[in-house]
Structure formats: C-alpha cells, structure tokens
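Two complexes, one shared chain (subunit A), two partners (subunit B, subunit C).
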Partner chain A sequence: MQKILEKIQLDAWIAALGEWEILAPAMEDGIWGYHPLDGAVRLDHSNTTQPPKGLSFPQREVFFSFEQIKGEPPRLTQKMPAATRRAVFGVRPCDGAGAVRMDKVFSDHVADPYYQNRRKNLAYVGLACNKPQGSNCFCLSVGGSPVATEGMDVLMTDLGDRYFVTAVTETGKALMSAAAKVFTAPTAADKKLVEKTHADAVAQPQRAVNDVDAAPAKLKASFDSPLWEELARACIGCGVCTFLCPTCHCFDINDESTGSSPIKGNRVRTWDNCQFPDFTMHTSGHNPRESLGARLRQRVSHKFQYFPENFGMPQCTGCGRCISECSVGIDIINTVNKVTGHVG
Partner chain B sequence: MINIQDMRDTARDLLAKNEVRAVIGYRRGSSGMNAEPVVITDAAQADELVWDPTCFHNLALYLVEDRKFLAHTRAKPGLPIAIVAKGCDARAIVVLMQEHYFKREEVYIIGMSCEGTGVLDERKLASQGIQASNAAFDGDDYVFTTAQGEKRIAAREVMADRCLECRIPYPREHNVVLGEDKTGRVLAEPFAALKRFEERDAAERWIYWERQFDRCIRCFACRSVCPMCFCDECVVDSISFPVTAQTTAEEKANRVRWIERSAVRSENITYHMTRAMHLAGRCVDCNECERVCPVNIPLRLLNNKMEREAREQFGYEPGASIGAPALVASFLDNDPEKFIR
Partner chain C sequence: MSDNIYLPELARIAHIKEEIGGERAIKTFRVEPVEGDTFKHECGQCAMLSVFGRGEMMISIASSPLIKEYKQFSIMRVGRVSATFHELEVGDVIGIRGPYGNSFPLDDWKGKNLVFIGGGVGLAPIWPLITTALAQRADFKNITVFYGARSPRDLMYRAELERMRGDANIQLSVDKAEDGWKEFCGFVPANVLDKKPSPDNTIAITCGPPIMIKFVIENLSKLGFKDEQIYTTIENKMKCGLGKCGRCNVGKDYVCTKGPVYSWAQLKELPEEY
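Showing the complex of A and B:
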C-alpha cells in the first residue's frame, strides 16, 4: 500500500488512531527522545539520543513479585506488561533495523514473553533519512540503508510538503486504513519523486566499516591482537556506548527487596553492560574480560563476529550513537577497520 | 598565545631524553571535531599532539588509571609520567597528591594556560547552528572550520560555563608551563549558575531535581570520567563480595547492596548524592561529569554547591596546594562547632 499524505494531514491521521498510544520525537531537557504525544507531531528531528529499544526492552522490567510468610509456601505473582498498543512515529531506519535484531535475540532461540508482549503491541512508523542524521552515520556499510523498511510497519519519506507513505506490514496497513480519507493515491510523478529521493539519500556520503562480510573471520583471527588494548587506551569504562545502542541487549536479574517481615520484593531484569567492571566477574574473583581492551573487543566482536555467526547479519546498524556520544573518541568504525585491516 | 609546536617540542624532548616514560596529551579524534586523549611513548609521536578548544578532557583521570595499572601488574613506575594539564586539571592532580594517590616527583606536568579563554561547550555551539570539523584558539576567539568556510566566534559566546566562571585559568602546579597567567580575569561571576538556580524556592527545586534524576540511565559516565572517583570498588558495584564454596544462598541474597541496579528515582538520587558528597572539597570543577552525561543532567549544580559550602564554611579551595591537608582530613581551631574540640 502506497499513499500520499499532505504534511498538514499528519495530525488528522494521528487523531484517527484513537486505539493507539502515540509516541513521537520531542526535544526535552535538551535531547531528542520518543515521548507520548503532546500537541502536534513535528518530524524535524535528528536521530534521538536513545533508540526506541526501551519500549520493548525497558531498562527495568519486573518479572514477578514474591512474598514469603512464615509457615506458608512462597507466593509469586507474575507481572506481565500491560497490553497497550503503541505507535511510534519518526523511527529512523537504523533503529528499525535495530528492532529486527532485538526480535531475533528475544524470539529466535528463546521466546521472552515480556519482550514479546511489549513488542507485539508496538508499531514503528518510520521516517526515511533523506540525508544522514549526523557525521557518524554508516548504515550503508553494515547492510542497511537510509530508506530501509526493515523493522518498520510503515515507512514515510519526506517529499517537501507531503509524505510518501508505504505500508510495510499488515499492522502498517491497518494504521493507514484507520484514516483512509486523509491519504490520497500517489501519482506517477510522486512515485518518480520518491524513487529519486531514495536514490539521492543512498548516494549521500557516509562513513563506512570496511568489508563487513569479511569481519567475522578477521575478528576471530584478531582475538589476541594487541590493537584492542591500544584502541581502548582512552576508554573510561562507562556504559554510554551500549546503553544508547539500538541492539545491545545484555541484562542482569536481581531480587529487589521491598520488605523483610514478611520477606517480600520483586525479581527485576535491568540492562547490563559489557563495559562495566563487574559484567563478567566470576564469583571466584576471576574476570575474563578484566581490561578495557578485552571489553572493547567484547562489544565490537559481538556486533561484527558473534552476532553474524549466530544470526547471519551484523548486529550493528550504523546509527553512530556510540561514536558521537563517546566522550573520549572511541570509534567503532575506526576500531573495526584498524583491527580487521591487520588481517590479510 | 600558545604555540602548539612548543607543547610538541616539550613532549618530544622529554621522551627523547628519557626523562619520562610516556606523555598523556590530546590528539585529533577519528570522528568529527573533537580532540581525544592519547598516551604517547615515542618521541616520533609528539607531532600528533594537539591543543584546541575541544581539549575538554581532564587527563588526570589517566594518571589514576596508570597508577591502578601499575598496582595491578605490580610494576615499578620507574620514570615519571608526563601530562598535559589545564588549570583545572592541574588542581585535580594536586588533590590526588594531597590524598597521596601518587607523589609529586612521579608526575611531570606540562601546564597549559587557558589565558583568556577555556574549552568549548558543544551544546552552545550546536545551538548556534554551527557544525564544525575543526576548532582552534585564536586569542580570545575560537575559529571553526565548517562546510561554509572559516567561522570566527568570540570564545565567551560558546565557552563552557565552568570556564567562564573559572577563577584560576592557569596551572600553578607545573614543571613547565605554556601561555600567560591571566588569573584574575573575570568573564562571569563565580558560582553564577548556582546562584541563579538557588533563587528558586525549595519545592520548585525538588520538582526540578526529580525530573533530572528520573532521566538518569545509570551509564556511570559521570563517575567513570572523574579523576576523583578512584575507588577500587564503587558503592554501585558489587565486585568484591567474596563467594566461596561455603557461601550460603542466604549470605549471597543478603549481601549489602546500597543502591539497586534499577534506574529508578530513589536509586538514582542515592547514587548522585553519594557521589556529590564524596566530591566535597575535592571537585575542582572540571565539569567533565556534566559534559559526558548523555541525558544532560546538570551535575555541576550539585558539585558547585558542595564546592561553595567548603569555600564559605571553611575557606577551602580544592587543589590549591599539595602541602595543605584534604578538607575532610583537617579541622580549624576556631571551628564554630563544639564537638570538634
């Protein structure tokens, strides 16, 4: 389904989606993020500081609450997330690609009900990037595209005073059908213009990871490379790169006590981070990823070796957040290129 | 004005004459405009060093990392390590020496005066709509390289608040120093941002802070970038809880966790308050914590508050003198509180 939406009709479309909670990009506290809609939607955002990942994989998820009254069996109450249908407007193609990778992690090998319950109620209305959002965009070199529909339910392309709107999934069709009369059929000229817009978008210069297909084997051969420590020399070991990543998904599970008499609390999943000192800490005190170089290798190899080995695609989608937001210049493009460049 | 070549020559000489084992400085990053920290060990690398308005980083952090590495590998430090240091960075180094983290002779300080300027605030630059690929000092101006050509701006228009409010933009503690000492310059009143904030009433301030802390994602960039946050085990991590074959499930479950991993208001506030208290009389207002925060939490207000308390209550200036005791390791004979005497 392909339609034209005049920009002034965007709010009318959203108004027709009464059954959906709408999230849209907004600049709050000096940063772009996806927030519940407040007023009119404006899709003039550069990419958000945080990807929409947290909507399906929140930083904190309560699995169940527990209570132990003396002499009675422990009482467990599962906490399944509420089934609110949410539509997110303005998602960039790198983050759509991120959602595909997250889906694989939480669906392919193990079905995670918490993730899936949120995800199945989540629709992404994407916005193609007519030009790169920042100087560190590199989606093209990791198998993506600034106009990709991967992971989207709908993809919109900005054509100046109107959007070219393509339904990608059945959910996308339903979203568009909910307000059929705000859309018009595209003319041949519209179709030609969107093709040209997409071709121009793909032709925009971007930074690039060299030969991503060869990366898994080359990284495997570089496990003991001294380059890792060298490239991580300035790393401060914070969690910015992974917490802002659209595909990092490591987590930790803890019991958080809320009372001791009777014993009660919650079993909680929180994001974890391979850059933290206790990430792979063993109970013995041994830490196989003790140094910053080993942790950089873990992050980069997961994106460009382990994930491709497991799922047949790079995990990195080229959004560039880990580069732009790193305070000390750790650069995943430079890292991959330098390390793999040393392998024949 | 500083000639960058002088800094490079200094670094080259120190390495070539084997007076230091490494130089911690800045070089051009591989992405965008900003400089990045670098540790060079070869005199031939000296020409990689840069000095420009994006040299934000407080490199004293890497002295701490170096010390931890030496301790971990049980290596002898041998030659001193050299470091490029702005006024604030040099004060941080002094605080670390006051706390006996390392000795004066183990560090060679290549001091860099900020003269009439300071470092750039990237957010201020972005709000002016400027995207630059390079930044340079030129007197009291910054000169940016943009796609539209060279752009010159008075530094104070896009300079970091902490630099505008800086009282001593000069590394008093140094082995060698480049640039003029312009201590006494006044670009903005010290604690000006804090003062403006304190004009709000308490209820309004609380609402403000709730909003700030609710946003925290606990990436710990603020802690990780801080040279004063050198604890081997931070209150938020639990890496030294000894678990043996004899440790019971109950002992594991009941280990003390001061702050849960959940990034929720109560835990976030406890984390940030703990950090602010631990920085009282130690924070030199390099403000790296606020710069690196990906969600814009105004941490400087907290740290400034503690700094001003120490200054007003005890006349304490962090990082002023190696010989002076640390704030929490000293007392005054005329302390107004009776319990201390």
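Showing the complex of A and C:
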C-alpha cells in the first residue's frame, strides 16, 4: 500500500488512531527521545539521542513482587506489561534495523515474555533519511540503508510538502486504513520523485566500516591484537556507548528489598553494560574481561563477529550514537577498521 | 508453574549438610518442590537459585538425574546470595528455575573407561556424572576419581567417596601434607601425572579452579589423551541463564545455553574468556 499524505494532514492521521497511544520524537530533560505525543507531532528533527529500544526493553522493569514470611512460600505477583498498542512516529531506518536485532535476541532460544508483550503492541512508523542525520552515520556499510524498511510497519519519505507513505506490514496497512480519507493515491510523478529521493539518499556520502562481511574472520584473527588496549586506553567506562545503542541488550537482574519482616520487594531487570568491570567478574574475584581493551574488544566483537556468527548479520546498524556521544572519542568505525586492517 | 521464564518455582530446603567449615565454607542443600513435580535435568546442567530479597545465583546441580525426589546443590560461601544461603534453615523456601545449559554425553561413553578429575568445590558439577555412572556400573569399564583440595579438612563428599572404593578407583590428594595423611600430597594435576591413567578407550572429565583445569589438561595431553577425550565444564557470571543478559559469553557462545560442558577440542576453538 502506497499513499500520499499532505504534511498538514499528519495530525489528522494521528487523530484517527484513537485506540493507539502515539509516541514521537520529543525533548525531555534536554535529551531527544521517543515520548507520548503532547501537542502536534514534529518530525523535523535529526535522529534522536535515545533510540526507541526502551519502549520494548525499558531501562528498569519489575518482573514480579514477592512477599514472604520466613519458612513459608512467598506470594509472587507477576508484573506483565499492559497490552497498550503504541505507534511510534519518526523512527529512523537504523533504529528499525535495531529493533530487528533486539527481536532476535529476545526470541532466540526462548521468548522473553516481558519484551514480547511490549514489542507485539508496538508499531514503528518510520521516516526515511533523505540525508545523513549526522557526521557519524554509517548504515550503508553495515548492510542497512537510509531508506530501508527493515523493522518498520510503515515508512514515510519526506517529499517537501507531503510524505510518500508505504505500508510495510499488515499492522502498517491497518494504521493507514484507520484514516483512509486523509491519504490520496500517489501519481506517477510522486512515484518517480520518491524513487529519485531514495536514490539520492543512498548516494549521500557516509562514513564506512570496511568490508563488514570479512570482519568476523578478521576480528577472530585479531583477538590478541595489542590494538585493543591501545584504542581503549582513554575509556572512562561510563557505558554511554551501549546505553544509547539501538541493539545493546545486556541486563542485570536484582532483588530490590522494601521490607524484611515479612520479606518484601521486587525482582527487577535493569540495563547493564559490558564496559563495566564487574559485568563479568566472578564471585571469586576472577574476571574473564579484566582490562579496558578486553571490554572494548567484547563490545566490538559482539557486534561485528559473534552476532554475525550466530544470526548472519552485524549487530551494529550504523546510527553513530556511540561515536557522537563518547566523551573521550572512542570510535567504533575506526576501531573496526584499524583492528581488521592489520589482518591480510 | 508458568510460561514466564523468569518466574521461579518454589522449593523447600529438606536437608543441609556442612561439608567444610572455615572462611570458604561449603554446605550441601537438598531442595524439594513445595508442590508437585520439579523440572528434570541432565548431568552437568545448572539451576538458578534465589533467596527472595537477596537475589539469584547460578549453581550446578550436584545430584544425579536418577534422583527424582530432590535436587542437591553444594554451595561455597563467597558472595552475597551464597552467604545468605548459608544462613538458611531446613524448611525455608527458596526460588529455583532451570535447568540451564547442555550436559555431558554420558550415554555416548558406555563401554569406556572414565577418569574424573575434580578440585575443591569443582567436584560438585561432575558429581551427578560420577554417581550416575556408578549407578549404571556395568555399562562402563574402569572408573577412576581423582579429587584434591587444600587440606584433608577441605575435601567435600568425603564419606561418599570412601563408600565408592571398590566400585571406583579413588585417588585423593591434598596440597599440603598433614599428620596421618596417607594419600598423595601435591596438586591435583601432579597426582594425575603420578598415577598415569591410560588414554586407551578413556574419557577424562575435569572441573575445578581454572588454573587446575589448565594444568590437568596439559598433563592429560602428556599422557596421550586427545583433545576429543577431555571434557570440562566452565563457569562464567550469569544473570538470566537464557542467552540474553549478555555476560557469560565466551566468543559467540553463551555458556548458559551452549555450555557449560565442552570437550577440550571444542573449547580450544573459543577465545580464553573464562
């Protein structure tokens, strides 16, 4: 399904999606992210600082609460997410690709019910990038595209005063059909223009990871490279690279205690981070990834070697956030290129 | 109980045995389901145990799958959750979910000699294998158990090991000699080299501190064991047990799903991050 939506009709479309909660890019506490719509929708921003991954995988969530008198079975109360349908507007293709990778992690082996319950109620209404969103975009070199539909339910392309709107999934068709009146059929000229817009978008210069298909073998051969420690030396271990990554999924599970007699509290999942030293430290004190270099190698190798070995695609979508937001200039493109560049 | 993979079953502590005292105390807990049946497991698999209000920890199941009534766990007091476990009493109710990980291919080893090599609390993960093999004694040829610890007081399952003599060749060792100790004195790898088990039609299974495993494998290689004849079980920090939380990986493998059991031939292919 392909339609034209005049930009002034965008609010009318959203108004027709009454049963959906609408999220869109917004600034909160000085940071651009995806938030419940408050007023008119704005899509004229560059990509958000926070990817939409927190909508399916929140930074903190309660699995269940417990209440236990010593010697007796506890009362466990599950906290499954509410089944609210949410449509997220303005998602960029790198983050659509990120959602596809998150889906693999949380459905492979066994399905994660908390993630799945949120994800199945989320629809992504994407917006193609007619030009790179920043100087660190590199989606084209990691198998993506600024106009890709991967992970999207709908993809919109900005044609100046209107959007070219394509339904990608059945959910996307339903979203568009809910407001059939606000859309018009595209003309041959519209179709030509969107093709040209997409071709121009793909032709824009971007930074690039060299030969992503060869990276798994080359990284495997570079496991003991001294470059890892050298490139990681400036790292302050803040973890912003993974917290803002659209595909980083590592987490911790802890009990938050709220009372001791009876024992009361919540079992809680929070984001965790492979750049923290205690992420892998055994109780004995032994740490398989003790050094900064070993931890940088893990982050990079997970994305460009281990994930491709397991799922056949890189776990990096080229959004560039980890580069732009790193306070000490650690650059995943340079890291991959330098390390793999030393292998024949 | 539910299809929520993070929601534990409830189990009651039925029996507690103090294996070893002191700073690195080890206690063995038998746990039984509060109601109904619990999950089945295989030799080498792990379970996530929890004390509500303190958290979860991944522990090897130390009882044979042939035992249906309870599961056994031998736990050293080292961290927050294990220290809390050591304060628990018979009758207390804990959380348990699992089983996690792969298992030892014991059925493939029928008709072979088995050499078990354990150190310290590392006897626990291979204990189900030892006891299951001995319960099916006729299916295997010679069964040898090397086991060592720092001192005679640090040897766990001592009485059970003594009862196995006759059915198995039991070779104990301590790092430091004490009066009255009549068996080998020295590290476990040295004891293996001293007794020279034959690699012919034999599988060797080892578990213990990483440094011990390293030298055990070196010495087994010296004795002519091929990489495919050596098995070990490795541990890494774990939170989910389901291949999602991201910390137990060794290269592309999450130990909680692809491990913990590896042949040395398989483990050699992975980076040394364990």
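Keep this in mind: the second predicted complex is superposed on the first by the 339 of 344 C-alpha atoms of A that agree within 3 Å, B and C clash if a C-alpha of one lies under 4 Å from a C-alpha of the other, contacts with A are read in each partner's own complex, and residues count from 1 in each chain.
Just so it is clear, contacts are C-beta pairs under 8 Å (C-beta built on N, C-alpha and C of every residue); 3 or more make two chains touch, one makes a residue touch a chain.
Here the structure is a predicted model, which is why all the values come from computation and not from measurement.
After superposition on subunit A, the partners subunit B and subunit C are seen to clash. Applying the stated contact rule after C-alpha superposition, one finds that A:143 touches neither subunit B nor subunit C. Using the contact criterion defined above for the overlaid structures, shared-chain residue A:68 touches subunit C, although it does not reach subunit B.
Of the two partner chains placed by the overlay, neither subunit B nor subunit C lies in contact with A:81. More residues of subunit A lie in contact with C than with the other chain of the pair subunit B and subunit C. After overlaying the two complexes on the shared chain, residue contacts for A:252 are found with subunit B and with subunit C alike. By the touch criterion defined above, A:288 lies against subunit C but remains apart from subunit B after alignment on the C-alpha atoms of chain A. Stretch 237-245 of subunit B is the one among 237-245, 309-317 or 327-335 that clashes with subunit C after the shared chain A is superposed.
Shared contact residues of subunit A with subunit B and subunit C: 252, 254-255, 281, 283-284. Residue ranges on subunit A touching subunit B, taken from their complex, read 29-31, 49-50, 59-60, 135-136, 207, 233-234, 236-240, 243-244, 252, 254-256, 268, 270, 273, 276-278, 281, 283-285, 323-325, 327-329, 331, 333-334. Across the complex, subunit A is touched by residues 29-32, 34-39, 57, 61-62, 123, 131, 211-212, 215, 217-221, 223-225, 237-239, 242-243, 247, 253, 260-264, 288, 291-292, 294-296 of subunit B.
By the touch criterion stated above, subunit A contacts subunit C in their complex at residues 63-64, 66, 68, 70-74, 76, 78, 80, 105-106, 108-114, 223, 249-255, 257, 260, 263-265, 267, 269, 272, 274, 279-284, 286, 288-289, 294, 298, 301-302, 305-306, 309-310.
Of all residues in subunit C, only 2-8, 10, 34, 50, 52-56, 78-79, 82, 89, 91-93, 95, 210, 235-237, 239-240, 242-252, 257, 271, 273-274 touch subunit A in the complex they form.
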